[in-house]
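After this come two complexes, each holding chain A, first together with chain B and then together with chain C.
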Partner chain A sequence: MSVIDRLCYQSRLRYVNAEEKFVYAILTLIFCVASRSFAVALIAFAANGILTVGKGGISLSRYCRLLLIPVSFLVVGTAAILVDVSEIPMDAFAFPVGDRYLTGSRATTMEALRVCAAAFSSATCLYFLALNTTMTDILDVLRKLRLPSLFIELMMLIYRFIFLLFETAGAIRISQESRLGDRNYRTKARSFGEMGSALFIRALSRSNSLYDAMESRGYDGKIRVLSQQQPPRKKKILMIAGFELILAVLTIREIWVRTGGHG
Partner chain B sequence: MEKKKKTMADRETKDGQDWVIEAEHVSYAYEGNDEKALDNFSLKIQRGKKVAFMGGNGSGKSTFFLCLNGIRKPDKGRIIIDKRPVVYRKRELLEVRKKVGIVFQEPDNQLFSASVYQEISFGILNLGVDEDTARRKVEQVIEELGISPFRERPVHALSGGQKKQVAIADILAMSPEVMILDEPAAALDSWHTNKVRRIVDDLAKRGITVLVSTHDMDYAYGWADEIVLMHRGQLIGKGTPLEVCSDAEALKKAGLEMPAVLKLYGRMKQRGILSSDTMPPANMEELEDCLANAYERRM
Partner chain C sequence: MTKKEKILLKASAAFAALFAVAPAANAMHIMEGYLPAGYCVAWGLVCLPFLIAGFISLRNKVKENRRSMTLIAMSGAFIFVISSLKIPSATGSCSHMTGTGLGAILFGPSAVGILGIIVLIFQAVLLAHGGLTTLGANTFSMAVAGPLVSFGIYKLCGKLKANRRVSVFLAAFMGDLFTYCVTSLQLALAYPSESGGVMASAVKFLGVFAPTQLPLAVIEGILTVVLVIGLESYAGPELNNTGFLSGREKEAR
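Then we have the complex of A and B:
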């Protein structure tokens, strides 16, 4: 998580208007999921790769390593669709296991690959957003989308303090280890429990101090802050609109073919 | 014109002094704690003064600061800010918080946003100014405090000193008349300590009343117009640095040592190197001059 956080602050696309990036990522993601088409998935995958690595300036090796994280989930998820246990072998493949078969049909294989492609390209959409937009910018967009302010304020505070929580936990761990708190399983378990309770107490006292500090600046239950956004550019909006239009056409065609094929 | 005269007259109270802060017999105890954090504490501070608050941990400095800002309401006694007793209602409190700003000791307990820009804009927006004014003010403060080099970085990636600068900017953006800094140099390296001290001096030059709590006697002696000594919630000394530092008993009670300048001055006098009529120096430079003069006279 902190890797992605560091990367997005270095991205060359960081100062591009966040609404543009947000709309692009979310629409593309929706088309990927809705169409389950290889063409859309491929286009989205390529576009996100070009934007994140080419324009954003994140190194290719790092991008690939990050992409490997969702792959493990995909493999497990796809396997569940792909493979069936049955007494009758199906048309795509069949491996005998005892008196049954690990088998799959052509249709489910196709379906599994489609889901896999759609999910993977969707993941690249979210990566594009996460690697090129800072959390505070994303929160600005959500604010403009009129999400409940309670929700946004919670996200804002969590994002700010999760790093402090890690830091404090790390410091406690070091202090425990330096006193042999991890000598054996028993002390390890105890140390971990004590760290948990210490963290809880500190979080509580910290939140009290934070509340005092915010109140001293006139906090009245609503967090008002200025956002720092570049105005959206007409050219970019047109480019995004054009791109999404192509995806929309492909998606509609795909759905048309799929439903038309059955009816 | 007439209005202006009236406000000038307003500012002068019966005793002809322009008190910006008055605390009258203030007592405060934290819940579940028998010992009072503030015990019948009375103090007056003049507008535009540089005041150092000194005393051991738990002597009540921070609690008093929170009272000045209306965060803590005294159990007994009252606080008067700029001639007006603090009224604990929303609108009146906002007025108090506009006049008195606190920079907290631990920046991580003060900075709530991951964005420097958002962080600094929070207080001023709460005062109800429009966005354009707020934007201008935020930019101005960022420029003044030298925050530009790291303004685009997330708060969790800033160093302690940078966080401190942002914490000061938070308050400065609200243009307070009184600025309180609770141990501003705590846990800072000497470079950032000096930076923060320069900022504090700058604030004082602008006519802002600056209240600083510190454990650094040498700094307080050289910097402050007045030193306030606290011990267990009580006032045990107040006056010019020289006055307070001459009160050996109070210093001992507060667990403080005499500033190095005065110590050296005293020894030099004892040993006859400085003549007995030499005035006590206000800082190292003055002491150096005294010694140089004494040396020349002997030659």
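Then we have the complex of A and C:
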């Protein structure tokens, strides 16, 4: 099951006003992506690390292990940006392979580094949001953003059902394994497929009985939940605004320098 | 020359070691923050018409029969769970299904768009697969393009009266492959190669992701076949009642 979901309920920042956290995470994310500058990336990386590990109380080793999740994509993707196959060697590096070169230029190397920095720091923004805010709080914020209510309700139900289905799937897996369902590759593949179909059938009957239960309790097409909101604090809002202002200035400077440099 | 060759050897060894350390071969979610801002917005806009169409069709379904609300939600949760469970993979690395083909066959391409974007949001927030800024690009490749191809092939095989297993396999397999091609193209558009432009870059991205994605597509095809066959033999009446399974099953019955 999801480690992140479990961790966010333990976070010490869990009861901080969700809108503040959401706005902070999204704005920082936007600046990281828009600026692609090392300074912004470094600041965001540090701030998110301090907030999540220092203030939130998520253990450092857990945090590092979570940060490793997207590394495989980063490595493979960046390799493709970095290395070029060409007949002419370029200025950064060049390895001859047959009559061609595996080569790269300084500009692409720089760009690849920038992409890595931006991607890593934006991933920490996502982690900050995910590790310190519960899904129900995020849904509350989305509701305030006036997303269609059908969409929000769908998300809410899906979030609930995910755990139901995980439980069912886990039980099926255990009984399959205890009956030698993963003896070799063939049986493994069959077990997985059969687990999937059994899971779907269970899900169908589950959804039917759930609807009956909801309707018998007066479901009229709307799910009303009580949300427990912490009032936003002026001091925190000011701090977030100040922080984002710094990032905004750095971003604008970076974009200005880059467009000026090319023009 | 020999010195350079030595360096190359060392570099490739280091690269291979990184591969061994790097934890998972996920379905191809573009990582958070990996695309430039302009591309994030553009892919989001490209998805928008598909999402609106999907939303309207879902809303009508719910209006028609309120019971379908829990059913649709259960379907979304099902796609999420299936795509986040470890699947048995030949190489021993841990990989996941995309569920695009399965979703398209079971629920049709319009519903999958909306369910797909919700699943992708949950995958980003709960599993750190993909991200919020790359949500548009990922939605396009996994919840719009892939399912459309899967659905098209599934329908086409139905018209051609192909073997059931073959048609389900092809639908899931091609859906997966197409998702992988679209993602490569998205990356290539954002990062064109200096010497050869977008096409050369696309070839590079296709190349580096091929070792993980091609076996995954085959496995996904096989698993989807087992799954769909299981559903048909055990849950025919339920599936017909939901009205989700597309026309062909109803005709066959």
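Just so it is clear, the second predicted complex is superposed on the first by the 251 of 263 C-alpha atoms of A that agree within 3 Å, B and C clash if a C-alpha of one lies under 4 Å from a C-alpha of the other, contacts with A are read in each partner's own complex, and residues count from 1 in each chain.
By definition in this document, contacts are C-beta pairs under 8 Å (C-beta built on N, C-alpha and C of every residue); 3 or more make two chains touch, one makes a residue touch a chain.
All values derive from a computational prediction rather than experimental measurement.
**Student:** Quick check on the superposition: with chain A as the shared anchor, is it clash or fit for chain B versus chain C?
**Tutor:** fit
**Student:** For A:D99, is the partner it touches chain B (first), chain C (second), both, or none of the two (neither)?
**Tutor:** The answer is neither, since A:D99 touches no partner chain.
**Student:** Looking at the overlay, does A:M135 come into contact with chain B only (first), chain C only (second), both, or neither?
**Tutor:** Both chain B and chain C are touched by A:M135.
**Student:** Tell me the angle subtended at the Cα centre of chain A by the Cα centres of chain B and chain C, rounded to the nearest 10 °.
**Tutor:** For this superposed arrangement the angle is about 90 degrees.
**Student:** With the two structures laid over each other on chain A, which partner does A:D5 touch: chain B (first), chain C (second), both, or neither?
**Tutor:** So A:D5 meets both chain B and chain C here.
**Student:** Report for A:R224: first if it touches chain B alone, second if chain C alone, otherwise both or neither.
**Tutor:** It touches chain B, and chain C stays clear.
**Student:** In the superposed arrangement, does A:S122 touch chain B (first), chain C (second), both or neither?
**Tutor:** second
**Student:** After superposition on the shared chain, which partner residues are touched by A:Y159: those of chain B (first), chain C (second), both, or neither?
**Tutor:** Once the two structures are laid over each other on A, A:Y159 reaches both partners.
**Student:** Counting residues of chain A touched by each partner, does chain B or chain C come out ahead?
**Tutor:** C
**Student:** Just checking: does A:F151 make contact with chain B only, chain C only, both, or neither of them? Give me first, second, both or neither.
**Tutor:** In the superposition, A:F151 contacts chain C only.
**Student:** Name the contact category of A:L74: first (chain B only), second (chain C only), both, or neither.
**Tutor:** A:L74 sits against chain C, while chain B stays out of touch.
**Student:** With both complexes overlaid on chain A, does A:L210 touch chain B (first), chain C (second), both or neither?
**Tutor:** A:L210 sits against chain B and chain C alike.
**Student:** For the overlay built on chain A, what is the smallest gap between any CA atom of chain B and any CA atom of chain C, in Å?
**Tutor:** Checking C-alpha atoms only, chain B sits 10 Å from chain C at its nearest point.
**Student:** Let me check the overlay on chain A: which residues of chain A are in contact with chain B and also with chain C?
**Tutor:** 5, 135, 157, 159-160, 164, 206, 210, 214, 219
**Student:** Could you please specify the touching residues of chain A with respect to chain C in the complex?
**Tutor:** 2, 4-5, 26, 29-30, 32-34, 36, 66, 68-77, 79-81, 83-86, 88, 90, 95-97, 102, 105, 107-108, 111, 115, 118-123, 125-127, 129-130, 135, 138, 148, 150-151, 153-155, 157-162, 164-166, 169, 182, 185, 188-190, 192-194, 196-201, 203-208, 210-211, 214, 219, 221
**Student:** Flag every residue of chain C that touches chain A in the complex, lowest number first.
**Tutor:** Going through chain C, the ones touching chain A are 1, 4-5, 7-8, 11, 15, 18-19, 22-26, 28-37, 40, 55, 58-59, 62, 66-67, 69-78, 80-82, 84-85, 87-88, 90, 102, 106, 114-115, 118-119, 121-122, 124-129, 131-133, 187, 191, 193-196, 200-201, 204-205, 207-209, 212, 219, 222-231, 234-235, 238-239, 242.
**Student:** For chain B, which residues are in contact with chain A within the complex?
**Tutor:** Touch residues, chain B against chain A: 66, 69, 71, 90, 94, 97-98, 101-102, 104, 106, 108-115, 117-119, 121-123, 125-127, 131, 134-135, 138, 152-157, 170-171, 174.
**Student:** Can you name the residues of chain A that touch chain B in the complex?
**Tutor:** Chain A reaches chain B through residues 5-6, 9, 134-136, 156-157, 159-160, 163-164, 206, 209-210, 212-220, 223-228.
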